[in-house]
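Below is one structure, written out as structure tokens; the observations come after it.
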Amino acid sequence: MISVGWTLLALTTSAALPQEEETTWVIRAQTVYTAAGDPIEDGAFIEVEDGIIEGVGSGSRGGDGALECFAVTPGLIDLSVRIASSRWSVEESDEVQLAARMADAVDLFSYRWGREARSGVTSALVSPPDNNVLGGLGIALKTAGEPTLEARLLRDDAVLRGSFGDYPARHSTPNRLAVGPPRDFRTRRPATRMATEWVMRDAFYKGIAAKRSGTAYDGAEVLESVLSGERPMIVQAWATQDIRTAAFFKAEFSIPRMIIDGAAEAWREPELLRSSGASVVLPPMVFGQRARDNAFYTLSCAKTLHDAGIPFALSGHGAERSDERLAYQPAHAMRGGLPFEAALEAVTMAPARMIGVEDRVGSIEAGKDADLVLWSGRPFEPSSRVVGVLVSGRLVLDPRPTE
Amino acid sequence: MKAAMSIKRVLSCSLVLVAVVGSATASEKLVIEAGRIITVQGPEIADGVIVIEDGRITAIGPASEVEKPWDAPVLGGPEFTAFPGFIEANTTRGLDRANESVDVAPFLDVRDSLDPINFFFEDCKRWGITTISVQQGSDCVIGGRGRVVKPHGDTVEEMTVRPSFGLVLSASPKRGKSRATQSQALRQAFTDLREHLEQLVQEKRDGNDRARREALYQGRDLEGERGKGRAMTATAWKVDGLELVPRGQVDEKQEPLLDLVEGRVAAFFHCSQPMDVHRALEIARDNGFLARTTLILEPACWKAADVIAEAGVPVVLTGDLTHTEREPLTGEELETFVPTVYRDAGVRFALSSENSSTQSLWYQAALAVGGGVSRQTALEAVTRVPAEILGLGDRVGALAEGMDGNVVILTGDPLSSTTWVDTVVLEGEAVYRRDEDVRNRHLLEGIAQPGTQPAAGSSDVAAEAEPESEAAMAEPDEASGEETGPDSGEEASNEEEEDTEQ
Amino acid sequence: MKPWNTLALALAATFLSEVAEGQKAGVDEFYVRSARIYLGDGREVEDGVLYVRDGVIQSVGRGVAVPSGKRTLQHDGVLTPGIISCASNLGLAGESGDSARADLSEGRLADAYQPSHTDYAHALEFGVTTTVLTPSISSVVGGSAVVVKTDGSEVLDRDSHLVVSFSTPALQADRAPTGYAGALALLEEHLASPTGVWAEAEAGRLPLMMHAGPRHEVARAIAFATQHGLQGSLIGAAWADDVLESLRASGLSVVVGPFRTGTSPRTLDTVVSLAEAGIPFAFAAEDSRVPTDPVRFSVALCVRRGLDESAARKALFGGAALIAGVADRVGTLERGKDADFILWDGDPLDLTSSPRAIYVKGRLVTQEKH
């Protein structure tokens, strides 16, 4: 049943990690946290075949070739991983880019993918950086595998990315020239929050008006998909005022699915968020707890959202430091009072549902992709470590001790 | 009438008695009960009791075996865990600025720069750090004298545990210097010392009174011990005839270096690259203070672990505990967990809290366990090892009879992410209680915005003001919310990435 | 005048007139006997003869008969075709791009070509007889490249390739497009309703040259060419060994270099991989401001890293001509092709050897200085 066959791919890839073709495994652990109900404790196993989870249950299976660890969780999903953040990942010639696709700009060879994969993030949503008001279409990808879109694609054009708040305005140049013509189109960009919101609203109005009058509008299909709920919109909003703006905007245009990313001050408006129906992605914990836009990020923010029944996920922002990555974020939320099960959901099924990939990833259930994280102890505790990672059944981080 | 008066007297006496029992000052007794006592240097004690009298632990053991003084207040309870106060072996926080611009400034003293109300000290209490070695930073060739303090007190003197402790040197270059000029400056500092001492001796032999006159002019103390000469007791090199020179006449800019060379001062030597380690050890050996040296290391220095082991010096680990390098030919990242390298090489290491309360000493110890270090080694790296580095191994860093009454009462296991510091006892005095920590409530729950939640009166006004000062207290490189971390950093590093593929 | 003086004078005159005649383009007929000849397609000949007439190669090989009395050059070293560089900005400083706009579809670098520029004489001295002049990496669509003879005698192809850039220098903050997605959209727009050069490219009559740096840019360029069925080559592609399969399937070639002493060994290994995988490649010429051999240094670095020597020579001569699209005229020593050849004192892959004489179209253009 278990064939631990090794095949080195000579030509196409040259990664430092051994390129195992093997996608069939048995994993044994003390506890398996499936994120689909109660954990399986006191000895559990997972069977993987050809990259798909075949079975998961109580007891022991497999022989010497099995991968062993203390605990297993589903692969972590980061909706705000910020991997492609260079200025070339976003088309700034116009602050409204409805149709610009991250698929055309993402660098699958970046070492940052390996960093995310090794630290337990198996799926990531890559969105254009928020230099624009509307940046374009984000793409959901697996963090490991062949460096081609075909091999890594989870969902193409998965979200429309936009931004409220200060960030898009920061990339404009105030038009206070004494001499000469405007230097570049940046002098035309919004320089304040109100202009940012105006541009967003303007784009939506124009799209709706164009549809009504039957005229062409660049990106009309994208707007249509957002307004119909077929595609979620994910907007950056850190401070309370921007979170409110996002919630009001959602209501104004009756946008069925909106995700508010970086909502550090969401704890201030639980009622508004709950009634708006928006979901939230929380940023990583920061020192001094002052996040972007001077938003105050409490430890209990996640708990507040959980208690109010607001769907939320945690995110890692592709941190440089190893101890600030997504795997270490639930600990802060738990310190703030979030129960373990909710913390687990916030990095697995919740983000999966938000972008509509829950049929493939997010939990350990038969039929889903074998995206698994193997831990040396209780997951998310800083005294525990990610010792093994599988992405689509391929071993990205090997838990077996080296000779 | 007489009965009434005597009742009054009894009442007032008992009031006084209650007042006396209610407070826990250093001269009083204190009892701490805990469902679990982690002593660090010995076995754990279940359902234990610690008795502190006059600031020291006089008894510790299972409740059934330890007699509790009837008149001592009791803190803790069966749901708590008692742990020694955490010890920070080296930090620059609490100072207004970490370094001077002068290259060689051993005459400086952090006493003059330490701010008792700096947010850092409050934060230390919140996270259970009870002994802190405040030193100058690494942006120097030779820095000034440091100090071991406790995070409680209105003045520096009240906070002081060991004055004038530690002298900072840096093998990693000061800003603006290359490694070559840094090494040269280090060597030159000791050459200057030697020349200065030789000059003093020569002047005395020539009957030249210059040094004495200069000392008088500068108002230096020449009485008692300071008026006596003493032969140089250095091990590496000596200047003969130093007994002719009263110690008070040694230039005050040079004297701290003389103390260093004579092995009387603990040295903290900063290294950021493996090559710095070689330089630091060489300078320490050549000038006779290797036995008093502790290396302060950045992550990359793990590559010099064997050299450090051979030298037998302890180290303090700073920065990310996982060192990351990029392989130049494949572009892939290689990760090395630093503490295990030192453990395998047999080097004693202390951990240091990174600039974040969310990454304090308990967190570093937990990360170490995650990386494969044993729990005991990890706990010692934040208690016993730093205690020994600070020369306080017999006073702090463990819970045992005779040790200082520095106890942290925790709501759970010290390495668990949901454990809070409930109470901090410093030398027998409860100096921090979580239920009285207003700022901690804000960090946890936030501050109610007027109008969105019921206001709690004037405390909210004060509360509103606090976040500003928090932001001001933030590290200089972490500006309040602007351009924090990921995005600004990533632009630069992504552009960097383009260049490697040439 | 004494008889022997007259004879001497007559002989001298004949010799001089012969030499003078030999200097005249296209009229000369001569033979070159060389200890070794590299034909430029990977083959070599020992003790061979090259027969040139009217600036065109008549025949080459061991068995070429040398009629007596014919002017014959004896060469005890190596004879090769002229070196061909497939990308360069020689003589074009500042002219190969436009800072104001990213799309120069109908631009032609031929309009900026100045044959008298000293860059060309400099390149010629080092043996580069033909070069492709390529629009800069900083234009998303740079326009048409041009292939010229460095002796200034001829433009071989006024519109040899349509050059585009998938790389970040073309994505500038103060003009559109600023990002990868915008650049791709611009290119897709051209191909959606192709006119002018784009129509030529889409029809397969005008090959593309695509600037691409890091691997993801290379992958993007390959995908673009494959999707639209476009032919041509990549320029740059330093670590293309990670996308070797898709590169081979696309049929694209690669113009690599120039390389310096600081070039990553991985980049040089990529060239070796290209050769081993049978993917055609050639070299770009070093910037004229750098006073070194424009092409041979890059080649030598690759050879030292393990590039097969005959593959290296092919990339300098015949292979380069195919990529440059002028293989009907230059690149190999074959009957009917231009008599562009170099007499080396040693193997051209050896940096210690240098050209003793360089001929373009049968005319001696430079000679080794003593």
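Per-chain residue numbering starts at 1, and chain names A, B and C are given in the order in which the chains are listed.
Please note the rule applied: a contact is a pair of C-beta atoms (placed from the backbone, for glycine too) under 8 Å apart; a residue touches a chain by one contact, two chains touch by 3 or more.
Only a predicted model underlies this, so the values are computations on that prediction, with no experimental measurement involved.
The fewest steps needed to get from chain A to chain B, moving only between touching chains, is 1.
On a Cα centroid basis, the chain most remote from chain B in this structure is C. Nearest to the common centre of all protein CA atoms is the CA centroid of chain A. Inter-chain spacing, taken between the CA centroids of chain A and chain B, is 39 Å. Chain A and chain C have CA centres that are 48 Å apart. Chain geometry summary: the mean Cα position of chain B and that of chain C are 66 Å apart. Residue positions 14, 87, 107, 109-110 of chain A each touch two or more of the other chains. In chain B, 330-331, 497 are the positions where the chain touches two or more neighbouring chains simultaneously.
Counting partner chains per residue, chain C has residues 168, 214-215 touching two or more of them. Residues 168, 171, 173-182, 184-185, 214-216, 219-220, 241-246, 277 of chain C are the ones that touch chain A when the two sit in their complex. Within the complex formed with chain B, the residues of chain C that make contact are 168, 213-215, 238-239, 262-267, 269. Touching chain B in their complex are the following residues of chain A: 14-17, 82, 84-87, 107, 109-111, 114-115, 118, 129-130, 167, 238, 240, 267-269, 285-296, 298-301, 317-323, 331-332, 334-337, 376-377, 380-385.
On the chain B side of its complex with chain A, the touching residues are 320-322, 324, 326-327, 330-335, 355-359, 363, 366-367, 369-372, 415-418, 420, 442-447, 449, 452, 467, 470-471, 473-475, 478, 480-482, 484-487, 489-491, 493-495, 497.
By the touch criterion given at the top, residues 11-14, 87-94, 97, 99-102, 104-110, 128, 136, 147-148, 183-186 of chain A touch chain C in their complex.
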